[in-house]
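Right after this note come the structures.
Presented sequentially are two complexes of chain A, the first with chain B as partner and the second with chain C.
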Partner chain A sequence: MSARVFNLLFVALAASLPLWMRDPYLLAILSSTGIFIIAAISLNLLLGFTGQLSLGHAAFFGIGAYTSALLSLGFDVDIGLPSPVVVDPKPVWVAFFGAVAVSGLFGFLIGKLAFRVRGAYFVIVTIAFAEVMRMVALNWVDLTEGPMALNNIPPLSIWWPGSGLIALVTKPQAYWLVLAVGVVCYFLVAHMVRSRIGRALVALRENEPLARSVGVRVTHYLVVATVVSAAIAGAAGALYAHCVRIVDPDVFLFIYTVTMVIMVVSGGKGTLAGPVVGGLIFGLMPQALRGTAPPEVQWIIYGIGIILIVFFLPRGIVPAFADLARLRVPQALRRPAKVAP
Partner chain B sequence: MSAPAKTDGVALEVRDLAVHIGGLVALAGISFQVPLGAIVSLIGPNGAGKTTAFNVITGFMKATDGQVFFRGSELARLSPERIAALGLVRTFQRTSLFTACTVFENVLTALHLRGRAGVLGALLRLPSMLREEATLQSEARDILDFVGLTGRAEETARNLAYGEQRLLGLAIALAAQPTLLLLDEPAAGLNPSETESFKQLIRRVRERGTTVLLVEHDMQMVMSISDEVLVLNQGRMIAAGPPAAVQRDPEVIRAYLGSGKRAAA
Partner chain C sequence: MDQILQHGLNGVVLGGTYALLGIGLTLVFGIMRVVNFTHGELYAFGAYLAYLFVALLHLDFFLSIALAALAGFALGAVIELVLLRPLRTDDIDTVMLVMIGAWIALQNGEQFVWGGVAKLVPSPFAQEPLVFGPVSVLPLRLFVLAVTLVLLVAFYLLIDRTRLGMAMRATFQDRDTAALMGVDVKGIYTLTFALGSSLAAIAGALLGPIFLVNPTMGNLVGLKAFAIVILGGLGNITGATIGGFVLALVEEFGAGYLSSEYRDAFGFVVIIAVLALRPQGFFALKGRVG
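Showing the complex of A and B:
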């Protein structure tokens, strides 16, 4: 119950931010951090709850970004058929959900393929997948414009009572959009984790033979987790495309995956709040350090920060603080909500 | 030698089961039946092939030869999770739990097969899924009550005492709704009073209509609880029958019981 109140307060605070903090630069930084947090939330579903490390998560992000951009811009491409495939520009939200679906589909394919060979092989498959996607985006110039990038991507819009359809172009609007999508994604993952499916995922992570012995279908649930994770990463990518309004092959860069992993691991993998906390810290740290030190020193501080967290809080920030809070609560009072139906 | 609760039908039939691991013959073609509603024990010295038989029956290992029938249908090449879904569930020799989860979560997780909520139901928290969740939670409480762990429900599994962990292992298996329960040395490492209460628990499991196949070293437990005892030695079945008859079998005494001590007293 108190967690619910805390969540509500956090969202309310975050939502009111543009009303009393009018620095557009900071809002832009928060928006892009928010997009990364959504991606980190999706990665956490795989890494934290099933224990599978996807080092190609930027691929799903990038596929979402490119799909949404291409669908909203329209494209024609010659793929060897008698006449070229022509797709007219679609409404932005159609493009957005199309991107979610396409990313999910790629998640399904990768999941089916990769979970036959789990552990280290899954890591390798996902890295290779992201790199292949980057090469495709770079070289299939007919479709993706290659390094020239896709420009002039339309912003997302909503229907608002009184003012009709409005495009979300200003910094506060983009910020609220990211926040809204982020909250939805957070609760989707929270619901999934606290369900029979989430328990099956955790069971596979904790003790696979035991999980199988009580009837948990390994491959099925790992694929389900990959699809949902990829779809949410795709939503983050689509959000990126319509907020930044330019997409180039760099969205597939390995460093973005690494950033997501750092956010998840430092915040606390396998906890719902972990990617949010880790994301806020490592998303905002480069901005906070800007101007205080030369760029090289900033990166050194960033690196030392990561090392300190991994060294002193190996399970991440959120579990460490949860332990601290728990020490003050008597054993008998702990988690009473779970006993009652 | 109490009569099985339900005598009609055979829960498990193993025919000429052989397992070769490299050059080692772990099982050299064993055959036996477990009648529905019975408690059958599989005994034998260490290395006799008991756990191997368990692993093959429950799909964790592949047989080199032979067949396993569960309630008339063959289990060949089915995965452990499919076999569990059919109602054949095992426990593990070394305590096996979801150690980072609470006792209650362990059982709730093990109730997996009782639920049917899918991805959409879970993501959107549909009313049907919430109703199912409430049912599962009450079933989990019933199971904890049955094994006597209600008071420890919110404890993390790894913090339980050893005896309690064995009980939780049983609770997890029961949550999968077995028709036939395979218990791999449930009393290993338990003190005499814990063993005695575990024995009563197994009897109550059978009274609920679950057939039990038991691997156990505690002879006092085996002889007092079993309807039938199967004796394995070096991958071969050397005797089978009611406990009293098996205890008198000269080959069993030679191979297993007659090591100077009166182990089967």
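Showing the complex of A and C:
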């Protein structure tokens, strides 16, 4: 079965889900899981295809959520200019794409700054960036309402033939919206990694000096990947804002970044399906564990889970199953080629 | 003027513990090439042990700090032997993921054992501040400063004057050559990680009585330790010492004169500024970037 048919079947199955599965609670869980899968897809573009670990990905997610919420609610803020900056409420889709653009812009700045040096530095810069963003969201009360959170964020709406503009408020509608955005993001990333850009990214992940020597503009492509990744994370954040309809500074918490990293690494970094598979497992697992274990214990299981995956499935679930399906000695069970540091 | 002196004194007292944290982290990175995300948890571990020994078991305060240091050493050695030694030849990202997993597990383990309520560690020192002319300082804080200064000096002597320190420096410069010269590199790794963890645990045990002890206290401190290490240049012990004092002073003066809400953000602004201006850190030797 070719990958294309499999993808179509998967999307069709996912899209038909609300028609035969009427539990609104489970649909809400799937919607929020879907939002995190989109964020994980964006993280995978950086972590899986360029090999750069962004531990501040929640920052792009949070910037998207706050931007979209603020633009759709409107705000006025005094930043020392003669008259305060006043922004009237914008239509929700304008807010949504504004959020994507602002997140992408931050991705550009961080990419430009961090890729002067890479590896451990990039990781630490991204962590620091997310932490600064969280403190701004907490303390710039005039703009963000601080810990009181932004409330009553309008839902996204679409124009539907026959019924005009309808707000997407019910659980199935929100679910379909997340699914649609997720599918668009998935194919965007799939297209990108198969293009010239993607080949350049893989080339420099595998052997940077060699890639450089044949003329791949390393920093340029890394920055492009960061911008796209940040923009998709921003889209996920904007979806979150309009689906949950409340945004507080906790969206910047490190634990959200960790959740995305776990999803990508367990599913299989550098594979397109990896974040989806890992996201479904780790998005639904807390629900399965709910009631059986307190949250701390769940997180302990998460932490140990990461360690076990790195030790026993270093390439992730998807590559392991792909190899099993081809009846080979699973490549994933072998350790990846060892590189002297 | 008096205010400047007071902020400066507070900064120096805090800077000593920051330097301890930074040295532990930079040593592990420099020698082992491991980005140690458990560092902040070892700090919290030390603080909780101080609480356990002093408040619950009513042991002597000074003995408790020594015990916390030993326990930090032991926990560090266990982490190294169980998690890091098997992955010694894997790339830095793989190891980083394992350390993130260990960090989450340790932090939530603390939350599980101790609960979310902050704990106060009692100290035997008087609560009245000592007044020196225009400035005043709590006796406990002076004690912390004295201990950190002694430890800093002892650590320099260890690295600079002993055979063990020489072996560590050799491993830092070139692991393979050091191994060829008969240095037990595996042993050095375990010892380095245990020492770094021990320093973090001491810092936690010392600051526990000053601040409250809570399960997430390690997060911010861990990130600040990274800021200190970047400021000084990854792997540079002198740089980390100076970086610790610089960050503490920046925080003190920033909180005093600019904005106390953003106190904890200054460290991260420092990271971003350092990387924009001088990515190899302010005290690094040439050619040690990345």
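The rule we apply is simple: the second predicted complex is superposed on the first by the 309 of 341 C-alpha atoms of A that agree within 3 Å, B and C clash if a C-alpha of one lies under 4 Å from a C-alpha of the other, contacts with A are read in each partner's own complex, and residues count from 1 in each chain.
Note that a contact is a pair of C-beta atoms (placed from the backbone, for glycine too) under 8 Å apart; a residue touches a chain by one contact, two chains touch by 3 or more.
Just so you know, these numbers come straight off a predicted model, no measurement behind them.
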Contact breadth on chain A, by residue count: chain C or chain B: C
First (chain B), second (chain C), both or neither touched by A:Glu206: first
Which of chain B and chain C A:Pro294 touches, first, second, both or neither: second
Partner chain in contact with A:Val258 - chain B first, chain C second, else both or neither: second
Contacts of A:Val125 with chain B and chain C, given as first, second, both or neither: second
First (chain B), second (chain C), both or neither touched by A:Gly215: first
First (chain B), second (chain C), both or neither touched by A:Ile307: second
Partner chain(s) touched by A:Met192 [first = chain B, second = chain C, both, neither]: first
Which of chain B and chain C A:Val224 touches, first, second, both or neither: first
Contact residues of chain A, present in both the chain B and the chain C interface: 335, 338-339, 341
Chain A-facing residues of chain C, complex: 29, 33, 35, 83, 86-87, 89-94, 96-98, 100-109, 111-112, 219, 223, 226-227, 230, 234, 259, 261-262, 264-265, 267-269, 271-272, 275-276, 279-280, 289-290
Chain B partner contacts - residues on chain A that touch it in the complex: 188, 191-192, 195-200, 202-203, 206-207, 209-218, 224, 228, 334-335, 338-339, 341
Chain B residues within the chain A interface of the complex: 58, 60, 79-81, 84-85, 89-92, 96-102, 104-105, 108-110, 112-113, 115, 117-119, 121-125, 129, 132-134, 136-138, 153-154, 172-173, 175-176
In the complex with chain C, residue positions of chain A that touch it: 51, 53, 55, 113-114, 116-121, 123-125, 127-129, 131-132, 135-136, 138-139, 254, 258, 261, 265, 294-297, 299-300, 302-307, 310-311, 314, 335, 338-341
